[in-house]
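For reference, the structures are reproduced in the following blocks.
Paired with chain B in one complex and with chain C in the other, chain A is shared by the two complexes that follow.
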Partner chain A sequence: MGKYLLRRLAINVILVAVAASLAYMLAASTMSPRAAYQGRQPPIPEATIDATLDMYNLNDKVPVLQRYATWATGVLQGDFGKTWNGGSVNDEMGRRIFVSLRLLLIGTLLGFAVGVGLGAISAVKQYKATDRLIGVSSFVVLAIPVFVLATLLAIATYNLNRGLGFTLIEYTGEYNPQLSGWDQFLNRLNHLILPTISLSLGSIAFYSRIQRNMMLDVLGQDFVRTARAKGLRRRTALTKHALRTALIPSATYFAFAFGTMFTGATFTEKIFAWHGMGAWLVDAINAQDVNSVAAVTFFTAICVLFAAFLSDLLVAALDPRVRVN
Partner chain B sequence: MRSKVVLRRLIANRQARYGSIALLLLVLVAYIGPYFGAYAWTEKDFLAFLSPPDADHWWGTTSIGQDMYAITLRGMQKSIVIGLLVALISTGLAAIVGAFAGYFGGWADRVLMWGVDLLLVLPSFLIIAIISPRLKAGSSWLWFVVLLAAFSWMITSRVVRSMTISLREREYVLAAVYMGIPRWKIIFRHIVPNLSSLLIIDATLNVSAAIIGEAALSFFGFGIQPPDVSLGTLIAAGSGNATGYPWLFAFPAGALVLLVLSVNLIGDGLRDALDPGSNS
Partner chain C sequence: MSILEVKDLTVTFPGGVQAVRGVSYEVERGEVLGIVGESGSGKSVTSLAVMGLLPPNAVVSGSAKLHGRELLGMDDDELVKIRGKAISMIFQDPLSAFTPVYTIGDQIAEAVRIHQRMAKDKAAKRAVELLDLVGIPHPDVRAKAFPHEFSGGMRQRAMIAMAIANDPDLLICDEPTTALDVTIQAQVLEVLKTAQQETGAGIVMITHDLGVIAGMADRVLVMYAGRPVEQGPVDDLYYRPRMPYTMGLLASIPRVDGEEGPLVPIEGNPPSPSSLPPGCPFAPRCPMRVDMCDDEEPPLIPFGPGGGRSVACIRSHEIEHKGLTGADVFPVPVIPPSEVVRVPRAERATVLELDDMIRHYPLMKGAVMKRRVGTVYAVDGITFDIAEGETLALVGESGCGKTTTLQQIMQLAPPEGGRVVVLGKDSAKIDKAMRRALRRDVQIVFQDPMAALDPRMPVQDIIAEPLRAHGRKDVRARVAELLELVGLSPEHAERYPSQFSGGQRQRIGIARALALEPKLLVLDEPVSALDVSIQAGVINLLEELKNTLGLSYLFVAHDLAVVRHLADRVAVMYLGKIAEIGTVEEVYDHPAHPYTQALLSAIPLPDPEMERTRKRILLEGDLPSPANPPTGCRFRTRCPKFATQLDEAQRQRCVDEEPSVARLAGAVDHGAACHYAEEIEVITASDDQEEK
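== the complex of A and B ==
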């Protein structure tokens, strides 16, 4: 087991290195941070621009490979370099990770829990009205892309607030900096409502469909019948025996969703104006910010591989057969 | 005949029937609708900026006087073509790579699967976002299709590979090997046809995934480039002013949702018809 894990770790480290290096090369060879300085009024002398860009390791007159070497040495020492205007990428990343975490933690967990619950109910009540309702609504929700859903929510809230004459639900930003203490906490929660709905609706629909299928497969099997036959109540047999087994595929998806959570909410972050990791990638591409782009990519690659690892752990925890092998 | 059985099941399937009818109607609207509109999608009506839907401009106009009806249909055409092409390319690629890796095993398998893993880890969003705005106008949307397809086949190819490994040992495949038929011919004649139900379902789901993917990238300006339009660029333009000028957002967003919904309905119906064992 230890040897297997070590080998996997080694492969993962290589994959992260390759992905981040390719991203850096691509970004460094196509983006020009210089443009942001050249367009200034009054014009900045070229020598000054060169000196500034050299300081940030962004000068396109330096060969790409040399810049890459400088960047890679920095990354190995835990320094992701400078943003296009000289800020520290590390600081920016540290701040944004927590913004994303605050935004997404509730939505991701809620989406999984409610989705699995609805899917299980849907399977137990197969072909009844409840099942049909859940099925049709999840189908419709899955056809609505998140940027349409988020915009619809924002429109609805805007009209609601206008109809009421005061702001009941906030629809942009993370919090109101003028408030403090308990008020600010409530204000933060208020700002979370819309992004959380827009994030979790899609995953609720997704998980409910997977969970329904798995649950139906499991419900017909012998061990559930045996559990009932030995005198367990229907409820216990369903939750302890059927649901646990049927959770395995959903748990795999959940592990991936949880791992990629930080960069997976680009649309929600952009539309509701939260400055998290997902929004950073889009902002960095638009700002031609090479080092930030490379840092986001590095972080995403690590998240994906961590998610794969997490899914193995979850499956092993839920499925005794995996542990025996 | 199997195909007859499948067809009968497909027609009997309510979801697939509604989905096909809806998709057919949408395609008709997208391609024949422009002939009924009073304006072409390239035209600008300088007498009507941001006018709400009326008898002259059925779906209203944009801030530069474009007719929403005409450009929404134009966007639908682009989205439909992109969806179909991406699905075709990515499913084809998945079938070929997966079948070759699974059938030959050994080094071929290892190299191909390593490539698959690498593509999965690569930041596809970043690569498309950097490359596509730099493509030359004109045929740029074809390159965009290639890019989108290049990053959407990997997971299916893994499924194809594992199914091929079990097919490889079947009697009819072994019989073909002993008859001296070349390996690549066996793959195309015996392996891939036996995976057809998986591939058809995958292709259908890829259509809707590609339509959403294109719209998502275009939403940030990383997809279809102006002056050309797609549903994604229209939604992006409309969502900023959606509260004041709802027609800018409602028509393209509605078209997108209907398109995806009908394709998904067909995919679900196909799954029931081709794979009766599954209860999805």
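== the complex of A and C ==
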């Protein structure tokens, strides 16, 4: 097993390299950071622009392959280069990853836990009112794009706050920099409420549908009947034997959601004004910021492959049948 | 006092499906009650109703009392104290009956801890003891294994261990050995008997296998269309059945000690529980039906002197009076004799010849860089031939290479080693066009008639497909002709497979195989998926077709009783090799290879008297892995002769030298691959014979 995972890891490294290189080529050959300097008033001399761009390895007069070589050498040494205006991509990324993580961690875990729970209940109560209610709600949520949902939530909260006359729930930003200590921690949590709801609603709906199907497959199986014939209560038989087995396929989905958590949630970040990874990608593309786009892509590739690795581990941990080989 | 008393139990599913319509029985301490019935007769539903494990939409009425306490309608909080403690259940398919993600030991320990206050480590110890009790080798190691790491027989043993964990008063066994091979079945039945002695429990044994019941049960209840139709002590019921259905059932089963010739079929199909006929539900299929039978359903009433016997038939007294048996009542078809067989075998053409055929599968490892780590010796050099008009049966336990042999023959491709000669043509030396032409002459009938027919194709298209593929024009007429040939009405050609019963579907499969007028028909377990009463009709049909059309059959089966009826010659396979080959009479009456002897002695006979007195040769353990077969004789690891009768020097020969099939002295067509082959009689074993 260990050997198998190591080999998978090695293949993943190659895949990351390919994905990142292609992304850099695409960004470097289509984006023009020069534009940001050319349109200025007063105009900056061409030579100055070239010098600046050369310094950041962004000059489109240098052949793409040469820029790529410079970039790749940097990356191998752990340096993702400069942003279009000379900032460090590394610093920016380091900050934003944790913003995204703070934003998504609770939502991802909550979405999985509640989603699986609702899905299991839905399966056990198949065709009953509970099942139909969960089913219809899930589809309604799934049918609403996340930016609509987030915006609706923000508007509703704004109105609620206005009606109450004070800010009960924060609807924008990450924290209030004027506070400190315990107050700031509570304030951070308050800022999390809305984005977490908007994020987890979607995944709850998603997981509940998947888990319902998995659970239904398992419920008809003989071992659930055996568990009850042994004298287990229905609830125990359903959770300990049925749900435990039905969790295995969902673990794969969870692993991917967890792994890609670090890459942020574009819409949610933009709407609630969190400066995380998702927002960064959009901003970087707007700013024609080649190195930032390449860095985000590189990081995303790593996350996806890490997620695949995590899913292998999780499934092996949950399912003794795959452990043997 | 009886442990369990069931009275007028009925179970109705939504849509008015009356699965069980008034079942009453009692089970006493230490008693085995056998419940026999075909699929859909309501036998399993009855026991699930007693356990309170039916889906909530089932409506249950009547009464089921355990030690005088009513179980039906009992609160689930109370029921959980009874399930697994006072009543335990053993299910049919032991693979799906264990939760795949927990170890066997944990699952047994869980059963212990539900009902007994016990520390975790003590319960784990108890689980190991229980596994030891049911005969699992190295129980302390095996307890840590997961269900998928156990073989079928081992899983069923573990299931029994779990069922007796809390010393139950009653064991309900629902087809406990149906999914197992005969030698394993014999082992598991032995374990069940041990378990019963150990716990003194009463047993309700549900099965469709009349042989198993004959050996196990004290009393028998026969169910038909959701109702008991006859009940009584096992001897009474088997030797003097008084209800035509029971009579037909007993007469229709092929017996391993039976005579050749046509079987007694029960015409028609069991009624659907949602549309029962008026009056007696068996009347439409009953040869003794009179008009009165349709008036009302006969109740199950006590019958004969001494009590304990009840029958639901208005003509039971007449049957008793005239001493009728199933063979008297049910019309036995006359099967015309074969023309071809009159010619001596040596002068007939050879239809199929296998010469030292080999089929190995590589064992691969690795996800990207595959490398070979071993070989599965699926078929490792087998030789046999089939003459025109002959049936050769290939028998053996699952995993012995029967199916691989079939596939290799059907491929008509060059084998890895040896030769496959079909109708005089070597499969290694024919070109594509020739191979295609040869396919007309070799056709196959599959085991599962539901899976073998495309559910979205009407029957006429299914049968016409091979005709069209080979460019025949007169398709319509030929389809009608074929349907008639297999005993189906040509008017049904427009229907879809789902509108036919299992037996009829298998007939469609046979019609399709016959469409191109093949010379050789390969039958892969053609009747093993069918109900007992249906099976006889299909076997008779196959026999008749062979004789009238001059076909040859290669017949693969694990049921040796069916083989005895259908086959002329039989080849017994073990781990990719032939252990014994010869005419059916020679092999069945004087088996010479210890494996054949064990196999034959493991088959339960539907005869209580014989079952009780019969000596069984029990085999130890499971089939070894074909990837790593033992040296020398492959059977020696399980061979009772090797274990008990041979001295050291003789054993060495078994270890070193692989025996090949040798003609036995004094026999015309009988050979065995054993260094110490010795013909003995095992089917009706006598006492002077060596046992185990």
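FYI, the second predicted complex is superposed on the first by the 320 of 325 C-alpha atoms of A that agree within 3 Å, B and C clash if a C-alpha of one lies under 4 Å from a C-alpha of the other, contacts with A are read in each partner's own complex, and residues count from 1 in each chain.
Operating definition for what follows: a contact is a pair of C-beta atoms (placed from the backbone, for glycine too) under 8 Å apart; a residue touches a chain by one contact, two chains touch by 3 or more.
A quick note: this is a predicted structure, and the numbers were derived from the prediction, not measured.
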Partner chain(s) touched by A:Phe139 [first = chain B, second = chain C, both, neither]: first
Winner by number of chain A residues touched, once chain B and chain C are compared: B
First, second, both or neither for A:Met31, with chain B first and chain C second: first
Chain B versus chain C as contact partner of A:Ala19, first or second or both or neither: first
Partner chain in contact with A:Leu281 - chain B first, chain C second, else both or neither: first
Contacts of A:Arg321 with chain B and chain C, given as first, second, both or neither: second
Which superposed partner A:Phe256 touches (first chain B, second chain C, both, neither): neither
Chain B versus chain C as contact partner of A:Phe306, first or second or both or neither: neither
Touched partner set for A:Arg209, first chain B, second chain C, both or neither: first
Touching partner for A:Phe147 - first (chain B), second (chain C), both, neither: first
Interfacial residue positions of chain A with respect to chain B in the complex: 15-16, 18-19, 22-23, 26-27, 30-31, 139-140, 142-145, 147-148, 151-152, 154-155, 158-159, 209, 213, 216-217, 266-267, 270-271, 281-282, 285, 293, 296-297, 300-301, 304-305
Chain C partner contacts - residues on chain A that touch it in the complex: 4, 7-8, 11, 221-223, 225-234, 241, 244-245, 248, 318-321, 324-325
Chain C residues touching chain A - in the complex, by the definition given at the top: 51, 53, 76-77, 80-85, 88-89, 91, 93, 96-103, 110-111, 114-115, 146, 148-149, 159, 162, 166, 365, 367-368
Chain A contact footprint on chain B (complex, rising order): 117-118, 120-123, 125-127, 129-131, 134, 208, 212, 215-216, 219-220, 222, 235-236, 239, 242-243, 246, 249, 253, 256-257, 260-261, 264-265, 268, 278-280
